[in-house]
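Below are two complexes that have subunit A in common, paired first with subunit B and then with subunit C.
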Partner chain A sequence: MGTQMKDVVIKPDAPNALILDKHADYIAAYGSKRDDYEYTLSEYLRMSGIYWGLTVMDLMSQLPRMNCEEITEFIKSCQHECGGISASIGHDPHLLYTLSAVQILTLYDNVQAVDVDKVVEYIKALQQEDGSFAGDKWGEIDTRFSFCAVATLALLGKLDAIDVNKAIEFVLSCMNFDGGFGCRPGSESHAGQIYCCTGFLSLTGQLHRVNADLLGWWLCERQLPSGGLNGRPEKLPDVCYSWWVLASLKIIGRIHWIDKAKLRAFILACQDEETGGFADRPGDMVDPFHTLFGVAGLSLLGEEQVKPVNPVLCMPEDVLRRIGLEPDLLN
Partner chain B sequence: MGDHTHDPFMGDISDMIEQEFQLREAQKQRPLQEQERKSLRLEALICYRQTLIDLQTQMWKDEKKAQLRSANIAFQKQLLQLKRMHGRLKVKSTAQQEEEKRKEREKKLKLYVTARDVCFSKRKEGVFDEEALQLTQQLLSSNPDFSTLWNYRREILMHLETVREEDDVQKIYESELSFVERCLRQNPKSYGSWHHRGWVSARLPRPDWARELSLCDRCLSLDERNFHCWDYRRVVVRMSGVAVDQELRFTDRLIGSNFSNYSSWHYRSTLLPLLHPESPEPPSPTPQPAKASPPPSPQTNNHRVCEEQLLKEYELVQNAFFTDPNDQSAWFYYRWLLGRAEREEMISCVYVSREVERVAVCFSKPVHARAVGLMLVLDGQPQRVEWRSVHPRLRHSPVWVCDLPPSTISDIGNEHNLTVHWTEKHTRRDCALYSGRTQSWCRDSATDQELFRSELSVEKTSVLQSELQSCNQLQELEPLNKWCLLTIILLMRALDPLGYEKETLAHFQTLKEVDSMRSAYYSDLCSKFMIENTILKMEYAEVRVFSISDKKLSTLCHLDQLLLVTHINLSSNELERLPPQFCMLQCLEVLEADNNSIEDLEGVYQLPKLEEISLKNNKISKMEDLAPLASCPKLRRLDLRGNPVTQMANFLSDISELLPSVTELLL
Partner chain C sequence: MAEFEKEVAVLVQRVVRDISNAFKKNPNIDEIGIIPCPEPRYNRSPIVLIETKLGLESWCVKFLLPSLHRKLLLYRQRKNYLDREALVDVTVTLLLLNPDFTTAWNIRKELLQCGVLNPEKDLYLGKLALTRFPKSPETWIHRRWVLLQILQQCYAQKGCRKEQGEGYLCHTEATGSSQNLCTHQAKLLHQEMTVCSEAAGRYPSNYNAWSHRIWVLQHIAKDNVEVFLEEFSSMRLWVSMHVSDHSGFHYRQFLLQALLTALCKAPQSTAATTLHQQGITTTSQSDTRAAFGLNESSKEWQPGIVTIPQLFDLEMEFCSELIHSFPGHETLWCHRRQVVFLWYQWRRDHPNVPCNTNEGNVLHLSISKDNGQACSSVEKSINGLPCGGDAMEVDGPPDPRDAKQLKRGLLMSCSMALHAEHSFVSSLLDNCCNLEQRRFALAYKKWLGTINHQ
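Moving on, here comes the complex of A and B:
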């Protein structure tokens, strides 16, 4: 019955230097594969895909390589009558993609491209009586959507449009015995969910209600001997948790509780030296999602070749400075 | 699905593939090897796909849906089989392979896009028929995250509800559940499939929650950590009124078969407080409608577990960690069990200074004073004062101050009575300032409140003692087990924090060595415990001097407990900063923090009584790092020897300009 530690071994010949040029080329070329089968299969999350690509390009100071006009037009055509924004044309609006769209437009300093008042109305209408948020009109409840709602509104400077106190009480009701957070009250803690909830509490000025020492312990125990981070106990490491765990630790002021050098080595080992891009684990297939979270993780670790990233919104700090948004962090 | 081999349509397809193959074979004009034949057969099959797509379009019109579906499936199977053989037998040049792959994908793409577009256009035209159900089913089977298609299905199902008899509706929804189950088997972690299952279950005219619960059982037996399934289980339990103790027995069973099951331990943490609450619900003055308030979290005060049950849990957890001392699940759970209740919400201290004409209030938790209804009454008169946090960066703080109007209390011959009301919590604290006194305070100290000890009652110390003994036994067997070491430290603190200080420090040293990746965590935790011990020692000695030098402190905490401290000595530690919370030390007169690595003095801000600062041998390197000191009106002595900033050009003139009141400057 003995527990076997789930982890990976980093090979001695794994990449150990950051190859930014290749990553930029990989992302720049990704959008041109529109006739690709896999690309079409991921249409249901296209808006988030564009956000991942553009954000990592901006962090690498390569945003001008992307087609601003075409993307803006695309986003405009994805806003629906109700105000919500969908992942792609023909798909239904959802908070997930509404946030991604507003993040993209913020990168481009052009939120007015969509009907902002309608976006606000859309979000407001999705708040439930208990303070939670449904992802769309079909009623799935999740603390991810609480984060999407306040993050979008904070970027638009309209946080007061919703019942913030009720929203806070709902998120706090999802706090667990280990200090972490799950999808709904009673759900198990998960690093992705913890990121959403600590980010939510940062944007709503309630970080003092987190049990930071307890949660920080759970989070730093996510680091495995390989240096990588997992998202829950007894799970494999994955580059995307370099973001979710690390950003949460940064938000609660305890990023120094993990071994930064070992995590950096793990993230670098997940690069593909041939194609560019990052995979979830060394040797796996790369994708834009892990490429953003690999680069953003390195930024939080102090990598100077990329721009500083904001741990709450996963956007470049200079962009948030421009709109005057400075989410709280514990110190 | 049934057997479709006798489908006439399938026969056509097979014939056409065979013809195509024979044609290709004939073109070669020579006898072929087996490998080549298989390769040609595959080409024939691939080339036939376009025909299939064309047929498909035709068939939709002809409503030959079943035939189409079976044909499609049979085709996929053949293709898969051939591909497998192909991959094993033939090694081709990369370019050729790539080209073949590309063509295959192109065709797959066409098929997918065609089906998607038909779905979209049907929906746009408001068509809610069974054909649409089948099309979305095909697409969702391979791509269950395509949430818009689930939405379309729900629209269709809702439409069918209005036009069909109840029995029909029941059947439709039951077949929908079968479909979702197939999706879940293929992809048990799809948010969309699980949400749809919950949606369908709730709409079923005659729901069968027992079946749903058994689905959860089966799913969790395949993956006991699938949080989607656990969440769905909680829905089923709630909807069907499964008893809490039944669910607790379910976790008994799972934990019994595998201790290393974090999800089950988590579930226990939510069930136990419901089943064995520490005390009955406190009567709420304004009962809230149950619907509007979410269930309480296991982190909150009144959802702890009664002591009797706690003892049983200790035993269960011990079984777990003696069986597998490296499994973190049980240790995390054990730490929760050992944890203390949240502090009572109260005003823990009121301090008033005649000289500064200021009142400082300390709360048991961080608050926003302007939002919680804080009121100051002086000699029976409510005062109009402006409460402010001790530091602008602390919007929520345990310590708030206000300045009284000039000359209100300055006459030393007068006696004054103050009351601070925390109206939101219906609580208050009085404080009398007698004549002849320059200051006064009223408080519950950390020792009074047993702040840093376990919440278990004193009578049960024997229980903790026996827990400690067990852990010590385990540690003898596994001297380097970090979980066991940390737990021993926690137990020692619950029992006798000062008595065990030396052993605690030794265990922390071992922890930093055996788990070096987390050494900063252990340093910070050890610092916290040493600060707690120093506060206890200070309070037993009834002094206002806090001295904690040479203890490897890496961080500061509990600074709200130091509101009354006049002298602090933090020298020879590993501190890098004096954080904003430092200005909770509202009575501080002398600050010593020599021989640290301090580069940030943000918290040395508006300390009304601070006169002397010694910061020898630190890392202050910039003039602006010293800026906060200018807000301390009484500062007259400053020792900065051994800091890089003193080496800067013009330092002397800059500092005289910044801090004109400092008369004794040591550089």
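Moving on, here comes the complex of A and C:
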């Protein structure tokens, strides 16, 4: 009696070399190609979409191909009276898109394009009594929002605007027995949430409070025989989870615990040689989200054709050097 | 082009109206879906209502969604006026097509705040959206917001009724004991559990559905042991039918931990915490037996009483059965780790608690025949008899030669329990040719070696 392993099989003819030119063309053409329907379906996360596209272009040293002026104007018109920034014009402000907007403006070395003081006020007002952060004025609590808050403030050099100690206590209260983190206290460990929480603890200088061996163990167990990583036990491998797990391992100094060559082969197999771009798994449809995390993952694995990426903020290291931000990593 | 746009506008208006009418005609619609149909057929509406199923022909979605989306955003930018009724209809259609459109949910929050919408109706809309998009984060987020509004209302009303002396035994938080659920809360709880179960069934390891379920317990049931026990009981069958569902098993672990906390917090007096229950949730003894893996004929069963060691023991037995019956499931091995870890931690913190299953803190569950109300209580006892005071007098460690104790490996000291776990893995590996099962068993064995350092 056997069970079907939850994994993919990488075909012998799957791509095994990095086709950077194709990826850059894919991203450069992405905005202009889509139809009305596709555009409206994903407009609720437009700002993050732009961040994914611009960051992967910058990692490939192709940022000048994107329209800086148009994008900056767009971001300016997404800042609301309360200081928060929305995914697109006419949408409501949210921490998720506030972070994406500040990341984009940091890539362009132009955070002053928005009212920075108001952004800081917006974030400050979202901190709750227990140190957690609401994603917007409606009050949903999630460790993802704790990360968004400190990442945005760190990029703006204003981390002292919030009660950092309380924020830390809340994130630590979401730690589980397996060393991982969930969205709220008592919630299941999840690679995406672990990335947010280890990133948060890095930015707040608290990585020593992570049980790095235990967490590293759980993260390494995400690697499947195909080489790809999943986000939780018995889930399929995925390029985006490969990034979140790999980045978390890098942050806690345990990246050498996984089989890097096999992961590299998995990520490369997720490329589409015709259209350019990366998919979640080999043979699936590509998108900018997986394209960023594919390229960023390869960067963390030491790919020399792309710029080194920072595992905490998923931005090029040279950009963070320019603003003097160097998040902690464990050795 | 202008002609085409006019046609689209007419179509969109018609579809929104038809959807709105479909809900009026059949308020019990329980599922929505898109019917693959690339071209319009005849001149009829693309809305199909068959009994309680609402379908939308796929050809119209590409016109409908962009048009309504633009309309709503123009309204949001105050460039276009929509009256309240139109806002309600437009957001219903939009959210059934694209439930992660946060701003559309926010507009409904505002309508709810000014009394235009009924919170129950919004829970219903979310439930329908989840039939098509069981993961949709924004749908779950909106749901929690609506639930908080209802709970606040409920608390306000409760305070009022209590003053009028209607005998609600609600809200005893001030004394630190569990709270009773009023009928409305019990109904709400039941409804949320159903919505979570449906979404969990539609998408395996549905993180958002299960973390919502935990949130609901934390916010509606608070520290109501009765509810936790009932959940623990009903989850037993569910997890044994979904052995790959890590989220479902995590939920069971969450419940186990909550029960453990409740038992550890047992009050010092024998009066203990008593939960008088009203409403729809009841826990029968047969449920409890099922929850703890025992059938009626089991000699070891003492009706209505469960101790911490028993709780662990039965969970380990359950886990072993599943691992043997369904080899090669990582989820089951993860579950074993968590249960052993909880046991280990508890044993370390309570080294002197006797290992006999009838001793230690007990959870009483009994149904009072007089008034039909379920009662449960948490008490501290030795040999099944209640006792006061914090200190636990014990006769010393169990005799390791006792065959029954040996079988119940976890009831022993930490080191002996670990030894029993190593034996479990070794005997499993001796007769196992399933590669995955071997891989997980070996990883588990390795993990056991680290438990001392955690």
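Please note the rule applied: the second predicted complex is superposed on the first by the 324 of 331 C-alpha atoms of A that agree within 3 Å, B and C clash if a C-alpha of one lies under 4 Å from a C-alpha of the other, contacts with A are read in each partner's own complex, and residues count from 1 in each chain.
The rule we apply is simple: contacts are C-beta pairs under 8 Å (C-beta built on N, C-alpha and C of every residue); 3 or more make two chains touch, one makes a residue touch a chain.
Note that this is a predicted model, so its numbers are computed, not measured.
Undergrad: Subunit B versus subunit C on the shared subunit A, clash or fit?
TA: clash
Undergrad: Can A:Q223 be said to touch subunit B (first), subunit C (second), both, or neither?
TA: In the superposition, A:Q223 touches subunit B alone.
Undergrad: Pick one for A:W257: touches subunit B only (first), subunit C only (second), both, or neither.
TA: The answer is first: A:W257 touches subunit B but not subunit C.
Undergrad: Go through the superposed model and pick first if A:S173 touches only subunit B, second if only subunit C, both, or neither.
TA: A:S173: touches subunit B, not subunit C.
Undergrad: After superposing on the shared chain, does subunit C or subunit B touch more subunit A residues?
TA: Counted on subunit A, the partner with more touching residues turns out to be B.
Undergrad: May I ask you to decide whether A:H208 touches subunit B, subunit C, both, or neither, giving the answer as first, second, both or neither?
TA: A:H208 contacts subunit B only, not subunit C.
Undergrad: Does the superposition put A:C68 against subunit B (first), subunit C (second), both, or neither?
TA: Touch partners of A:C68: none, neither subunit B nor subunit C.
Undergrad: After superposition on the shared chain, which partner residues are touched by A:E140: those of subunit B (first), subunit C (second), both, or neither?
TA: both
Undergrad: Go through the superposed model and pick first if A:D36 touches only subunit B, second if only subunit C, both, or neither.
TA: The answer is both, since A:D36 touches subunit B and subunit C.
Undergrad: Quick one: is A:K6 in contact with subunit B, with subunit C, with both, or with neither? Answer first, second, both or neither.
TA: After superposition on chain A, A:K6 lies in contact with subunit C alone.
Undergrad: Once chain A of both complexes is superposed, is A:A113 in touch with subunit B (first), subunit C (second), both, or neither?
TA: Neither partner.
Undergrad: Thinking only about the overlay and not a real complex, which stretch of subunit C clashes with subunit B: 56-64, 272-280, 362-370 or 398-406?
TA: The segment of subunit C occupying space taken by subunit B is 56-64.
Undergrad: Show me the subunit A residues, by the header's touch rule, that subunit B contacts in one structure and subunit C contacts in the other.
TA: 1-3, 5, 35-37, 40-41, 43-45, 86, 90-92, 94, 138-140, 177-178, 182-184, 186-188, 190, 211, 213, 217, 221, 232-235
Undergrad: Quick one: which bits of subunit C touch subunit A in the complex? Just the residue numbers, please.
TA: 61-62, 65-66, 69-70, 73-74, 76-77, 98, 100-103, 106, 109, 138, 141, 144-145, 148, 205, 207, 210-211, 214-215, 218, 244-247, 250-251, 254, 257, 326-331, 334, 337-338, 341-342, 434, 436, 443, 447, 450, 453-454
Undergrad: Under the definition above, what is the set of subunit A residues touching subunit C in their complex?
TA: 1-3, 5-6, 35-37, 39-41, 43-45, 86-87, 89-92, 94, 135, 138-140, 177-178, 182-184, 186-188, 190, 211, 213-214, 217, 221, 232-235
Undergrad: Which residues of subunit B touch subunit A once you look at their complex with the stated criterion?
TA: Subunit B reaches subunit A through residues 105-106, 108-109, 112-113, 120, 142-143, 145-148, 150-151, 154, 191, 195, 199, 225, 227, 230-231, 234, 258-260, 262-263, 266-267, 269-270, 291-299, 323-324, 326-329, 332-333, 336, 365-366, 393, 395-396, 516-518, 520-521, 524-525, 528, 579-580.
Undergrad: Which positions of subunit A touch subunit B when the two form their complex?
TA: By the definition above, subunit A touches subunit B via 1-3, 5, 35-37, 40-41, 43-45, 86, 90-92, 94, 129-132, 136, 138-140, 169-170, 172-179, 182-190, 205-206, 208, 211, 213, 216-218, 220-221, 223, 225, 232-235, 254, 256-259, 262, 328, 331.
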